[in-house]
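What follows is chain A paired twice: with chain B in the first complex and chain C in the second.
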Partner chain A sequence: MGSLALRRAAGAVPLLLVVWTAAFFLQQLIHGDPAAYVLGNTSTAAQRDQLDAAFGLHRSPLDQYLSTCANLLSGDLGRSWITSESVGRLLSTALPVTLSLALLSTLVTAAVGTALGIWAALRRGSRVDRILQLAAGAVTAVPNYWIAVGLVYLFAIQYRVLPATGYVQLNQSPGQWLQSLILPVIALSLAPIGPIFLQARSAVAEALDADYVRTVRALGIPRRRQVLKHGLRNAAAPIVTAVGFNTVGLLAGTVAVEQIFNLPGLGSQLLSGVLGHDVPVVQGVVLVFAVGVVIVNLAVDLLIGVLNPKARRA
Partner chain B sequence: MFAKRAALCAAIAALTATAVAACGGPSSTPTSTSGSGGTRAIAIGLQFATINFNPWLVPNGPNYSLNYTSAVYDSLTTLTGPDKVGPGIATSWTEPNPTTLEMTLRPGIAFADGTPLDAAAVKANFDYARTASPAGSLVTYIKNLTTTVVNATTVRFTSTVPVTDLPFDFATGAGFIVSPKALAHPSSLNDQPDGSGPYTLDASGTTSGQQYTFTRRATYWNKAAFPYGKVTLRVYSSQQALDSAVRSGQVQVAQGAAQTNAADKAAGLTVVPAPQITTAGIWINDEAGAAVKPLGDVRVRQALNYAVDRKAIAALGFGADGTATSLVVGPDSPGYRANAAASYPYDPAKAKALLAQAGYPDGFTLPMLSTQSGDLLAQAVAGYLRAIGVTVQISDHNTDFVQQATSGRWASMVFEWSMDPAAQSIASLVSANFGPHTPQQDAQIQALAAQVLGTTGTAQSTAIDQAVATINQQAWFVMVGTVGLTYSTANTVSCTDLGLATCLLSSLHPAK
Partner chain C sequence: MSTVVHHADSPVGPAARAGRALATSPLTLTAVAWLVLVVLTSVFADQLAPFDPLTQNLTELLKPPSATHWLGTDSLGRDVLSRLMHGGDTLLWGAAEATAIAVALGLPAGLLSGYRGGIADAVISWLVDLTFAVPAFVVLVALAVIYPQNTAVMMAVLGVLGAGAATRLVRNSTRTVRDELFIDAARVSGLPLRTILFRHVLPTVVAPVIMLAATSMAICVIVLSSLSFLGLGGSPEAPSWGQMIYEASQNITVDSWLLVPPGAVLILTVIAFNLIANTVRDALPGGPTPRPVRHRRTVLAETAAQRPDADPQTLLGVHGLVVEFPSGPVVDGVTFAVRKGEILGLVGESGSGKTVTALAIPGLLPIDERITAGSVRFAGEELAGTTERRLSRVRGRGVAYIAQEPMAALDPCYTVGNQLRAALRHFGATRRAAAARTGDLLREVGISDPDRVMRCRPHQISGGIAQRVAIALALTGDPALLIADEPTTALDVTVQAAILDLFRNVVATGERALVLVSHDIGVVADVCDRVAVMYAGQIVEQGETDSVLGAPRHPYTRALLRSMPSLDTAGRLPVIPGSVPAPDAWPEGCRFAARCALATDACKKGPIPLMDVSGPSPRTTRCVRGHDLAPEPGR
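Moving on, here comes the complex of A and B:
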């Protein structure tokens, strides 16, 4: 298992380098002088030159790129061109917000999607099964920002049981932390529950129809054990893959949801960085998202390896 | 078996929680208005974070930095109502002649760093502001001033133009006094204010760009004017989030929007309409045609004005109190004339003819700076301009809108503008130092601007009328109408109307 993790981690390094390189060179296509943009039109040419030099923009793009790579290796992601704050610090304050959102949403989608999938698989063809399949298609089609606005109106404005906006740190108040994330997590989780439910239903149904489960049933093993130990365990690999795939989608969804709930996470930083042409911030956030995707994929591979020993040799 | 599973679940939950907690992060604990005296708290929702705490360099204005700066700095004078100015640092003032203002300063005030606030400190501020590089937008108001220390508590301002409006200017942004110690190292003001104001910045409750918490100074000289012990200014990147926050009680004060007023009232909030002094529309920043050549021709600019159906846009977007106008001033501002406001009726055929006369029968491409909140207006105008062949390229900038607007990169932009006070605003519009706008140095308009600043009474009113009419004829703007601006407050809060179309800290009090 350790060697599988090492192989996957080693394979991720070139991928991250490609993302970092693409993020840098794509932003070279943006027109205009960043120094003039930051200093305003009352600035002098000398002031702009000075700031250009501070940003390192007087050098060739290749030099700048190699310099950012060297800085990256030493853990320095540079400074925001707009606020002069360290990008590392900006990311470290934004990361917990997005991490909280993504982790909780993944747990909710995996738990709810799988539970409903098992339930429907045991009642294939029933009215409940058909309704759940219909609902899965419907929630997948509804945009998360639309769900978010509806949730705010109902639970924050109409009934005032949950906060409409804002984020509270976990170490400041675990209760308020959870409260501040309930609505964003629901908004982010509803759509991915659909595909995970469908995947779980299909995989569990297939497993329950297999010969070995029929044998287990003939041996008189209790129904619950038949389903959870023999059915679900063998159906777990495609479910885990679906959860991983949807977790990557969740990361993208945080951009819109963080705006609606005014959460100061990576999505908000990315949006303000893009709108402000703040290259170091955009590059930093893109890298963190890429690392997130790599970690999710690695976790999926390891979990599948645990569930299916044959996969460890792949 | 069950115990093992439960232990595993608990371990996963604990690991998740620890991982998230270990990272730390910002917080925005909901604030309430409970308590009394020094323990009372208030949260105000804003759409713009301050760039820094140097009041001479930040973009001025109620919706930009005025709430931030007025929390930590005292100003020479204060607003006590629409167009009414009262004492601040200065207890009284006289005008020995039309170009001289002499102010008596309140004794015993000190900055947060302990430096006394005296006439020398005031002079240091105005000397700094005149020479700061790059210059702030407030330099327009004070560039003609010479400051003299008469004695420790008396300072004299001498100007090349009449000083009638100076006390008002001092109350609305151009009179915040910073400690001379901080001015010696202005970069220290990037994130750490140094003033004598009612509050100090609480770093532990502040996350730059998101939330700023202020606690009241125990020794402040005018506590009665600031009844809240703790003030939180929260930044919302979208009007939707801001509106959710005020309706759900997370903030007690927020700028409203025409589209949300009815819902705010239904939620039990007080929706207060502001005077019609704020106009919204498109600013043509590149009138010389340096970047977009067609804009250098007055016929093209007039064509853009004829192409837009103001009445339709104002009726849909500006609320019941909005009025369609092509003027840069609203009905409650000097210079407004109803016939002049209707001088560009909706006439796309005439617009096309003017474009053809100017040599652009197929139109041209117009880059336009916008914000999320201004996007509806930008899209509406873009739709009308497309009909005459002008393709508008809209770029939304929210958190960095101010930097973009003053960068000189944008040939046009969506903007709201309050003409208050009218004389200084007119002067700003024709000034080469005024951030977003780069007006042609037209001799007639410059002469009118000089008259506006250099006269008083009827002569000044006439000059303002003529300046507004000339700007309108030159089509420097594609104004659409006056915005029915409102602000929404919780019923626990009362806001005194200062004529600024928003609530400032000094105008907020607990409701009786």
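Moving on, here comes the complex of A and C:
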């Protein structure tokens, strides 16, 4: 198991390197003087020169690239062109927000999708099953930003039961932390529940039709045990794959959702970086997202390795 | 035999099938109609829209829907319907462009990678991995730092990133066809690669690509509208659905209605694309088979239920059993009894209904098959038509079932020991007693190293051991009746003999009975006390094994015996010519008539009843010429 993790992690290194390189050369695509682009047309030559000097923008692209790579190796993601703040520090304060969002949403999608999937698998062909399948198709089509705005309206404006915006740190107040995340998590989770439900439904149904479930049924073992011990266990690998795949999609969704709920996460950093022409911040966020994707895929691989009986030793 | 094959080898190609599926589903037709409507209104928005989408009217701010403004007006007094009609244009074009790029890149790359394999495949697969390295939406947002509002760049990048998924799909489809025979045949006949790809591979990937294109449209519409929502997608002047949702969010405290029209149009459009994708996918080979129909359980008011059990030694009495599939009956009036200490063989070719009969006894039929008439009395209790709850009390302790494929019958995720202990615990053993009994049980079924086997998962043991484990599992509840379905078919000959010995031991106590289902009359001859020969859903001959097999009174039994391997012939004689008629092709007269050498006109007149041909022991046969089939000399 450990060796699989190592091999996977090693395979991800060149991938991340390409992502980082591409993100770096993003700034080479700026037409003309980057300093003028960042500071705008009204800036003076002196201001521009100052920026050039501070960030070494006058050096050759290769030169700049090599020095950013060297910095990266020592854990330095560079500094913001606008505030001169360390990008690493900026992102490390934003990371917990996005991480909370993504983890909670993953848990919600996995739990709700699987539970409904089991429920429908036990009632295959019934009306509830068909309605759930249609609903799964429908929720997948709902953009997270639309449902987010709708949720703000319903729960924060109309009924005033939950805060519309803002974030409270977990160590400050776990209760408020959770409250500040309820609506964003719902907005992010709704669409992925559809595909996870469909996958869980078909995987559990297939397991329930298998001979080994008939074997335990033939022993008079109660339905609940048939489903939870044998059905769910055998359906776990495809469900985990679906959850992982949707978690990656959910990561992307945090950008719009953080914006709507005013959560100071990576997505908000990305957007303010984009609007402020702050290329180093954008580069940093892209790299963090790429690492996030690698970690999700690694986690899925490891879980499947644990779940697949043939990969295990007796 | 309980599975039905659904047009596995239908001559219609997948693309044609997908097309037909699209045309016949009302839901999908609605989806197509909606998309046509959206596209047409977007294209002809200038002509169709009642107002200019940009004209502000400060006297008509945030008006609800009315006769002039069907969907109301926004915060600048602009007509919502007109803005909606103009707002789909860029979005749909953008999605279509990105999708076209994805397919244009992914199709050749996937064909090459899937067909060629090797280095090309490795390189392309790595590039595909790269497209999944960062979520496409994040890439597009990041790009906006350099190219704000530049839709052309966004489309291109979205298309290139989407090409990853397209390549993967086409590659995998190509892989599957490549290995198929007709491709090999085409390759040896010296056709150039291009011809093979275009003529043979391309047609099979058309349907998957259509599905992918529809999915891609759905995803692109969501991604691009999200960018508009964030103010990053295209000119802020031109109306777009995403931007309308943004404007609605800015006015949400005063007017929530504005959120509805763009949201509804957007969601319906995405649903429509997804529906089309699903319809095409379901029509692909390997798509879901028609869903099973669930019947209500009929409560059987059979007089047989009141019939006193003739003999206190009778453990199981099956009387007039009828099992129906949604298409009709497959077991048609089967009657037999099993006494304590007895082994009864149910023998017949596949399609005879023997497995369905076996499954029906403990109520283990799949949900689309059910008992519609007759009675199954076990130890004085009626099992046909009873509740799952009552059945589950009989199962395991009263009747145990051993399935055909020992390997598939054990859960691959748990060790043998775990499964045995769980069963023993279910039957009331304490944790410690279960642990102790597990080893004993495995030894009883002839496993010499129970401690090792206990720690194995099913894939780590041989078929023979797996069958012994399955038998041990069936014995955990100390059942009075065992039903074993083809228990030796999957095993090689030496193991077969050992398993049959084991069955003999299991009933040797005299308190247990066994119903052994087999197509192999040799196996039946070896261990069964009595035999019931089944054909096309009926029992055609029944009696003591020696007398039935020694002097068959039914031509089918005879034919089965002749097809049995014997010592003086080299190997197995040809099987009986022809095959068992399917239930919908059962003739009115004798069901064996088409394959029977002795058939006369009388055989085809009407249903053949069971005839009593008892000698020293009870015998029945379902043949009008049963009396003519004189005992063969020299038995």
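Convention: the second predicted complex is superposed on the first by the 294 of 314 C-alpha atoms of A that agree within 3 Å, B and C clash if a C-alpha of one lies under 4 Å from a C-alpha of the other, contacts with A are read in each partner's own complex, and residues count from 1 in each chain.
The rule we apply is simple: a contact is a pair of C-beta atoms (placed from the backbone, for glycine too) under 8 Å apart; a residue touches a chain by one contact, two chains touch by 3 or more.
Predicted model only: the values in this text are computed from it and were never measured.
Engineer: Does the chain A-based superposition show chain B and chain C clashing or fitting?
Structural biologist: The answer is clash.
Engineer: With the two complexes superposed on chain A, say which partner A:149 touches: chain B (first), chain C (second), both, or neither.
Structural biologist: After superposing on A, A:149 lies in contact with both chain B and chain C.
Engineer: Please work out whether A:176 is in contact with chain B alone, chain C alone, both, or neither, and reply first, second, both or neither.
Structural biologist: first
Engineer: Which partner, chain B or chain C, touches the larger number of chain A residues?
Structural biologist: C
Engineer: Could you say whether A:103 touches chain B, chain C, both of them, or neither, answering first, second, both or neither?
Structural biologist: first
Engineer: I'd like to know which partner A:290 touches here: chain B for first, chain C for second, both or neither.
Structural biologist: second
Engineer: With the two structures laid over each other on chain A, which partner does A:92 touch: chain B (first), chain C (second), both, or neither?
Structural biologist: A:92 contacts chain B only, not chain C.
Engineer: Scan A:160 for contacts with chain B and chain C and give back first, second, both or neither.
Structural biologist: A:160: touches chain B, not chain C.
Engineer: So in the superposed three-chain picture, is A:83 touching just chain B, just chain C, both, or none of them (first/second/both/neither)?
Structural biologist: first
Engineer: Which partner does A:252 contact after superposing on A: first (chain B), second (chain C), both, neither?
Structural biologist: Only chain C; A:252 stays clear of chain B.
Engineer: Which of the two partners, first being chain B and second being chain C, lies in contact with A:268: first, second, both, or neither?
Structural biologist: First partner only.
Engineer: Need the overlap of the two footprints on chain A, from chain B and from chain C, as residue ranges.
Structural biologist: 149, 152, 157, 259-260, 271, 277-278
Engineer: Quick one: which bits of chain A touch chain B in the complex? Just the residue numbers, please.
Structural biologist: Per the stated touch rule, the residues are 32, 36-44, 47, 82-85, 92-97, 99-100, 103, 107, 149, 152, 156-157, 160, 163-174, 176, 259-262, 264, 268, 271-272, 275-278.
Engineer: Would you pull the chain C residues touching chain A in the complex into a rising list?
Structural biologist: 129-130, 132-139, 141-148, 218, 222, 225-226, 229-230, 232, 242, 245, 248-249, 252-253, 256, 259, 263, 266-268, 270-271, 274-275, 278, 288, 291-294, 362, 364, 366-367, 388, 391-397, 400-401, 403-405, 408-415, 422-423, 426, 455-457, 459-460, 470, 473-474, 476-477
Engineer: Can you check the complex and tell me which residues of chain A touch chain C?
Structural biologist: 15-16, 18-19, 23, 26-27, 29-30, 124-126, 137-138, 140-146, 149-150, 152-153, 157-158, 202, 209-223, 225, 229-230, 233-234, 248-249, 251-253, 255-256, 259-260, 270-271, 273-274, 277-279, 282-283, 285-286, 289-290, 293-294, 307, 309-310, 312, 314
Engineer: What residues of chain B sit close enough to touch chain A in their complex?
Structural biologist: Touch list, chain B to chain A: 16-17, 19-21, 23-30, 133-135, 190, 207-210, 234, 236-238, 240-241, 244-245, 247-250, 267, 396-400, 403-404, 406-409, 433, 435, 438.
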